[in-house]
Amino acid sequence: MTKPADNLTDKPADNLTDNPADNLAVKPAVKPAVNLGVNLGGLQMKNPVTTASGTFGFGPEYAPYVDLNRLGAITVKGTTLEPRKGNPTPRIAETPAGILNCIGLQNPGVDHFIAEDLPYLRNYDTPVIVNIAGNSLDDYAEVTRRLSGAQGVSALEVNISCPNVKQGGMVFGTDCLMAAEVIRVVRENTKLPLIAKLSPNVTDIVEIAGRVAEAGADALALINTLLGMKIDIRTRKPFLGNTMGGLSGPAIRPVAVRMVWQTARAVRLPILGMGGIMNAEDAIEFILAGAAAVAVGTANFVNPGAAMDIIAGIEQYMKDNGVTDVNDLVGAAWK
Amino acid sequence: MTKPADNLTDKPADNLTDNPADNLAVKPAVKPAVNLGVNLGGLQMKNPVTTASGTFGFGPEYAPYVDLNRLGAITVKGTTLEPRKGNPTPRIAETPAGILNCIGLQNPGVDHFIAEDLPYLRNYDTPVIVNIAGNSLDDYAEVTRRLSGAQGVSALEVNISCPNVKQGGMVFGTDCLMAAEVIRVVRENTKLPLIAKLSPNVTDIVEIAGRVAEAGADALALINTLLGMKIDIRTRKPFLGNTMGGLSGPAIRPVAVRMVWQTARAVRLPILGMGGIMNAEDAIEFILAGAAAVAVGTANFVNPGAAMDIIAGIEQYMKDNGVTDVNDLVGAAWK
Amino acid sequence: MRVYVPQLTKLAKPGQFVHVRCSSGLDPLLRRPISLHGIDYGKGTISLLYQVVGTGTRLLAEMAPGDEIDVMGPLGKGFTVPDGIKKALVVGGGIGVAPLFPLIHSLKHYGIQQTVLLGARSADFIIGREQLELLGVKVKIATDDGSLGYKGFVTRLAEDEISGGTPDYFFACGPNPMLKGLISLTKGFGLSGQVSLEEYMGCGVGACLACVCKSKAAAGREPDDSAEGFEYKKVCVDGPVFEASEVILDD
Amino acid sequence: MRVYVPQLTKLAKPGQFVHVRCSSGLDPLLRRPISLHGIDYGKGTISLLYQVVGTGTRLLAEMAPGDEIDVMGPLGKGFTVPDGIKKALVVGGGIGVAPLFPLIHSLKHYGIQQTVLLGARSADFIIGREQLELLGVKVKIATDDGSLGYKGFVTRLAEDEISGGTPDYFFACGPNPMLKGLISLTKGFGLSGQVSLEEYMGCGVGACLACVCKSKAAAGREPDDSAEGFEYKKVCVDGPVFEASEVILDD
């Protein structure tokens, strides 16, 4: 099974890296300029690297460490219709090669985001993907309408998979029909590229992916966190303020790569892959499995310049291996 | 929700540790003898620690490192009706804080096991849990009958969850009705304690647990491995001989603890908890979450004496915290 | 541990912290927040004082002089010394004294009188007494077991100081129960001050919302917030130092 | 690296290996199999010779003299020197020479003549030549790039030796393509021998079935096996040394 050509970028010329070395008249070996540009369901990205929602704030937090102009896209913290307080602390716990979090979608609400956070992001020449969540279909619809009217929103990533909130969240994400319903409602209310972010806490990721594709998603983001927990053997109580939390980081990478692989082979939508990407090698693993683009999450906490290193590392890998277009790597492990 | 009393051991006196310090007439502080004995759905264990199937061979392999008499039980490699060759290599890959394996149930077949491996195990005063798998309901039935007639088999652990074989395996484990069917068939063919080993690759572990409980399981084992994969970015091909493999080790512990917690609160069967247990602290975490006993898997590869250290460590924790019966710790994080 | 980081040191203020990577591998994965304990603007070095409690701090302790270390910072808002204060009370519990040292230097520099109270489980956990005395600062000690100084909580020493009437401001860092006690005590006496808080952190830069603490809701916030009477602030960027009157500590 | 493990050394035989824990933490998680390169029965030490290829071997290389290390072993079946052989051909590719050293010592001890062929990518990767020459062993070298000795594969040197007609047995350790070449070559000449294989390992003790290699099915096995013409054997306990005639190497 292959992807339709129109899901791949058709404007490679715009996306040439401007590495001066590539423009030298005489070169020791043939080193073609490499195309890093990808098209994620209508969202044109100058390279395949974005940030994972909830790990990169609204952009300014990491600006001292990351040149926001160099990112393929910026994905911001999940936004809801009303402001949310989130869960009690502790909200984070370290586990072997991973972290559990139960932030609980703390956010200032969509109107605050549009008024206070979006203007900052408009200063950058980088598309903004807004992650949205809701308690009800009406919430999703209303958030979608408000963001679709706002200047500077390039795509919506629909979180139907957050394990850290009582209503909505994972209930939508793990039930095929509900997941499709959410996507249908969002689709009816926006012309923006629509990325459906799926929960990995399901028996059959391919089935859900197929349903949300039919419901009108332009791309799929996977994976969100695995539901986990930790118990403090000293207090004999759950460690996290919300009992359970979402597991992210390198520990979950094998599961994420597997789900990207399975979904990419079965569903004709471009995939935004994530889950434990720490460096360029990990990112390339996702791309080879079938991800058209990747998101960097937990790695930001460990290395605030991770996204920059990953963009540079993918480019280097392509040059070292004579790959001229990153799109040629997408799904190369099975195509 | 609490467990019925008859699932707890009623013979604590048999299970006293014979630590001489506990028998001193004059003690600096009151140090009661601790009871480590548990009853796992009819299987009486002298302590709550067994080995995870497939990580401990058939017993003799680890005998130089582990006193098999001290184990609560020995759980042996998965056995099928016919001999199985297993998958091509590589069969193992390291991942962050975990390993992927695709052994593919290589085993010499149930008759060979009964004739060649079981006699060795009868030399020890430790119950033997035989893990079984099959391609069809008839296979499960026949393996069950042969093992139920063999001397020295103390319990059956029914693997309805192996992700590494094409037929059967996970298909049974992720489909509620199929899972229940397997258990029903095994139940009809044995009076031995029946432990249903569940797949974690499901949306709702509690639902499956409930169904296999109704179908006649005496206890639940969870979790088996998470389905994962790894791609070699040098060859651009899947690393494992069988493409996908099962993820085990500390990386999956938060997911395993969560599933034990959810299941223990909802289903009235004792649980054999496993997934990333490396030391006594980890084992206690599972017990507090609701596991009546625990299995040590990947840890054996890292520390061949892991099971011994864990038994000693649980006892020490109980003494340090004035806990006289390990059964009092079971589910203590929510009871 | 002393670290040579001239760019960082230039910007450093008392009460701020650095986010330290303890391993180049994945174990442990997250960085560890450690306060600036000493700031040598001349040499371009900061020093860190930490207690070995787990994997991360153990790996730090195993580092050898000359090794490279990956630190982010300076992070967070430090202490501010309000105009017009004359006599400050500085209270440190356990390893909480670490960030108070640069503050104490500042106070001395500004010519503000100060009394430093140190509390800990036992004499072994009292840190920095000699250095402070060398600096000519008045130090009083409380230990839970009475192995040094007053036997009991350091909050009791604080009560004595405050009821003695001398301090017109306080600064504190230490375990939450100590801070809680101190906040209610000083509130009773109408004494203002600043406290430095700890919370489990992810990013250290305000991006992940892991490290929040409860803060009294500002007037005129949306109903949801005022209903519960608090909003969450981030310890890593809104703190770790907060006005004592602002924070709400659950046990 | 030399390790003092008297109990282990007492039992050690050429061709066996130890399973080494490279970190006390979780990164990397698994042990690493490393061959016995030297066995000093007198001092109770073994020595290990390894190439740094990834995290595990890098951590080993970072260890300092005197550090403790966690090794399991000796594991596996080593080389056996069959009765009646007079002149052995010993072939090592790359780091594959490591386990051949104790064998070469044994052969010398038994008074068996030997020629050692070493192959590697380039001169830099030829290991142990001087020591072998000091031992009075005849050594011939092949490098892929011709930077030392014959330019080409070591199997070519082997062919010359065998067609020269002298060796009556061979021992080999190295990358699979080399072993594969050697096995078909020696088969052609009717020369028997033993090869030492590598495979990714979990337990190292035969419990996990990760490390299997294909072996020609013994006669009279069940239909399933003979149909495909092979059975899986465990490198860790049935090997790492196998009869050359028995193993099947894919690509």
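Letters are used for the chains, namely A, B, C and D, taken in the order the chains are written, and counting of residues starts over at 1 for each.
The criterion applied here is as follows: contacts are C-beta pairs under 8 Å (C-beta built on N, C-alpha and C of every residue); 3 or more make two chains touch, one makes a residue touch a chain.
Predicted, not measured: the structure shown is a model, and the values here were computed from it.
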By label order, what chains touch subunit B and subunit C together?
A, D
Approximate Å spacing (C-alpha centroids) for the pair subunit A, subunit C:
36
Whole-Å distance, subunit A centre to subunit D centre, using C-alpha means?
46
From the C-alpha centre of subunit C to that of subunit D, how far is it in Å?
58
Contacts with two or more other chains occur in subunit B at residues 96-98, 249-250
Out of subunit D, which residues touch more than one other chain, so two or more?
26-27
Category of the chain touch graph - line, ring, star, complete, other:
complete
So, in the complex, the side of subunit D touching subunit C is made of residues 23, 25-27, 55
Mind listing the subunit B positions that touch subunit D in their complex?
54-57, 61-62, 64-65, 77, 82-83, 85-86, 88-94, 96-99, 101, 103, 106, 249-250, 278, 298, 300-302, 304
How about subunit D: which of its residues touch subunit A in the complex?
26-27
Quick check: in the complex, which residue numbers of subunit B touch subunit C?
96-97
For a test of understanding, state which residues of subunit D touch subunit B in their complex under the given definition.
21, 26-31, 72, 199-213, 222, 224-225, 228, 231-232, 237, 250
